[in-house]
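Chain IDs A, B and C follow the sequence of writing; residue 1 opens each chain.
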Amino acid sequence: MIGLDAKLFGILISGGLTLMAYSFLYRENRAYRIAEHIYLGAGVGYGAILSAKYVYDNAWTPLVKGNAVWAIPLLASLLLYFYFSKKHFWIYRIPTAAIIGVGTGIVVAADFRTRFTEQIRATLVPLFVSNDPYKSFNNIVIVLGVVGSLLFFYFSREHKGPVKGMVTFGKYIIMITFGAAFGQTFMARISLIIGRIQSLYLWPAWILLPVSVIVVGVAIGWDRFKQKKPEPTTKK
Amino acid sequence: MQKLATIDPRIIFLLLFICVAAPLISPVGLPVGISPGTSGMYKFIEGLPSGSFILSAFDMSAAVAPECYPQVAAFTTHLKNKNLKIVEVAFDSAGPMFADQALRDVFGASKDHPLYGKNFVNLGYIAGGEAAMRSFAANPKMIQKDFYGKDIKDLEVMQPLSSAKDFKLVIVITGSQVDNFVRQFGDPYGVPIAGAVTAVLVTRVMPFYPAKVIGYLNGLRGAAEYELLVKRPGMALAGMDAQSAAHLLVIIFIIIGNVGYMVRKSGRS
Amino acid sequence: MKLKLPLAITIVLVLLEVADYFFTVPIINSIARDVTVATLVMSACAIGIGIISLARIHVTRITKKRPHSLESAIMLVTLAAFILIGAVLGSANPNYVYMFQNIIVPLDSTMFSLAGFFMGSAAYRAFRARSNEALFLLIAAVLVMLGQAPIGETLWSGFPGISQWILDVPNTAGVRALIMGIAIGMLSLTIRMLMGHERGYLGATA
């Protein structure tokens, strides 16, 4: 278009795609499906390029420069494509086993420290802090809350007696946790909506807003018209 | 009451859209306080000596950009003002683009800036998830080239780095989890972690705060607070009124819904 | 052989990485580091499987003239465009960055933001205090939402403090218990893998 530079064109494209995706809120329609499929193709294509760049820079280039050891992971990567062979599918399992083995080993060794022993250490706080009843109260809630929440998921024995009281306390702590999670999740999603609407206010994207109102209005009118007009019956 | 209970959800969507859009056109300007998580991160960076190495680890997808990018712009401004050395790396394929954009927005240019390679660098994407983090933490010079194709050997800022211990702070920009960074950077090397995270993730950051995660930015609100602290008001601060309106609307929805439920329940009994 | 070899590889590599974490033995540390870097390359190459699978599904949809074949064609054209343009120009090229900023970023964040509207609708239609537990959940959610938005502080200066207390104390306790449970689960899953009982990652026929 005359006078429209690349930045403005980009704003129009992003605004248009945003409104096509938001049309799902009215109902599922072709415009939304097109936006969804563009998203899929673009995301996968972009991810492929970044992955290819990583392999090119860090494995292929050193191999070409004479470091032959890089041939091993590159050749092993080719074995992954036996995924598509029915007869030789088992060969695909070899590099997969390597990736999963390394990934699992890296996570589990460190995870037990970070998410278990260090968390126990962080829970071992003094229950009574002198001259600070607020901190004492918080520490008591944390310790009893952690123990109660863990007991809530312990099903090997029946919850009765004093254990039942702890489990009930733990249950309410978990409910508060889920409530906080809902509040934070909602806050996050609204932030995304804010970000999208801020981008729609940019020139020339805001022109699309009245256009989309007209399009939705026409769609609603067409729906109502089709509902009122009975379908002609055909005799067989 | 029955009509209110069976209202078309599209009307609710429209009300929510209007509630978010209206304050963006006509802001009210409600004051924004500073939370302890944001203040913790700010004070820590403020206390670092000039020339300290900071790792900005982008583990974010494009989906969380409206929340996380304003955080990145705000804290990168702070890092620039403090004359700290910034190493940007991405463990998600979308990360390098945002790392590049942050450099352009804060420094005015990325790879063409005269200080690129001396004071800051964008190393690009390292595939492999947590395995990549482990490898990078053990040896930040494990990759051959940066995002723009420059050899690592030619980047002055990378030369003194031998392991994650050389970083004074790792800032994690993520929408998925911080546990993996605590596992691979925090616990083995004792490096403090700061989280520029989406609001969804804050509940999961709390068990590590403040022992391992010294501070965190709570979604768009955290970005707004940091913009105030570095005196660089931006899109995050502009969005706070809309955030308030949306929260208030949903709370009203919850109250109306529950009042209706209580009335129907007492009517039946 | 077809199953035992991959299982053996998994067991050896899990033990190697665990040994690398706990022991400072130069030969083990060196081998573990090299193997890890090699698997990074293999992980990056695995995306090709996804691309081929995706292309097969959508090409079949087009050739057999199934519903939504136009959308499939658009997907394939977009995929090809991003791959070809990225390969020719490079991922750091300003034109490629332009495509990323104006296509991927708006679509990715819009898809996620749709959930905000559905959460608002769910809050009105389904979020009911049917029991004491649900009441606690609701009250915590309302207090956190009021505390995190500036409106809460304007209505009453105590809301941010209460919201922060909920995150700092009961939420920390609950999440801590959950992640400790996950850590135990992760350990038991690894033991099952080491014993050869966990084979799901090797494909359905394993």
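Basically, contacts are C-beta pairs under 8 Å (C-beta built on N, C-alpha and C of every residue); 3 or more make two chains touch, one makes a residue touch a chain.
Everything quoted here is computed from the prediction, not taken from an experiment.
Chain contacts in this assembly form a complete graph, since each chain touches every other chain. Top-ranked chain pair, ordered by C-beta pairs in contact, is A-C. Chain centres here are Cα averages; for subunit A and subunit B they lie 15 Å apart.
Remark: subunit A and subunit C have CA centroids separated by 5 Å (rounded to whole angstrom). For subunit B, residues touching at least two other chains, in rising order: 13, 16-17, 63-66, 94, 96, 126-127, 129, 131, 134, 149, 179, 188, 199, 202-203, 207, 218, 221, 243, 246-247, 250. Shown for subunit A are the residues in touch with two or more other chains, namely 25, 46-47, 50-51, 53-55, 58, 102-103, 106-107, 110-111, 114-115, 119, 122, 177, 180-181, 184-187, 190, 192-193, 195-196.
In subunit C, the residues that reach two or more other chains under the touch definition are 21, 36-37, 39-41, 43-44, 90-91, 100-101, 104-105, 108-109, 111-113, 116-117, 119-120, 123, 138, 141-142, 145, 148-149, 167-168, 171-172, 175-176, 179. The residues of subunit A lying in touch with subunit B in their complex are 25-26, 46-47, 50-51, 53-55, 57-58, 61-62, 102-103, 106-107, 110-111, 113-115, 118-119, 122, 177, 180-181, 184-188, 190-198, 201. The part of subunit C that touches subunit B in the complex is made up of residues 21, 33, 36-37, 39-41, 43-44, 90-92, 97, 100-101, 104-105, 108-109, 111-113, 116-117, 119-121, 123-125, 127-130, 138, 141-142, 145-146, 148-154, 160, 164, 167-168, 171-172, 175-176, 179.
Residues 5, 7, 9, 12-13, 16-17, 30-33, 35-36, 61-66, 94, 96-97, 100-101, 111, 126-129, 131-132, 134-135, 138-139, 142, 147-149, 179, 188, 199, 202-204, 206-207, 218, 221, 240-241, 243-251, 253-254, 256-258, 261 of subunit B are the ones touching subunit C in the complex. Taken in their complex, subunit A has these residues touching subunit C: 6, 10-11, 13-15, 17-18, 21-22, 24-25, 30, 33-55, 58-59, 70, 72-74, 76-78, 80-81, 83-84, 89-90, 92-112, 114-116, 119-120, 122-123, 138, 141-146, 149-150, 152-153, 170-187, 189-190, 192-193, 195-196, 199. Residues of subunit B touching subunit A in their complex: 10, 13, 16-17, 20-21, 24-25, 63-67, 93-94, 96, 124-127, 129-131, 134, 143-145, 149, 179-180, 182-184, 186-188, 198-200, 202-203, 207, 211-212, 218-221, 235, 238-239, 242-243, 246-247, 250.
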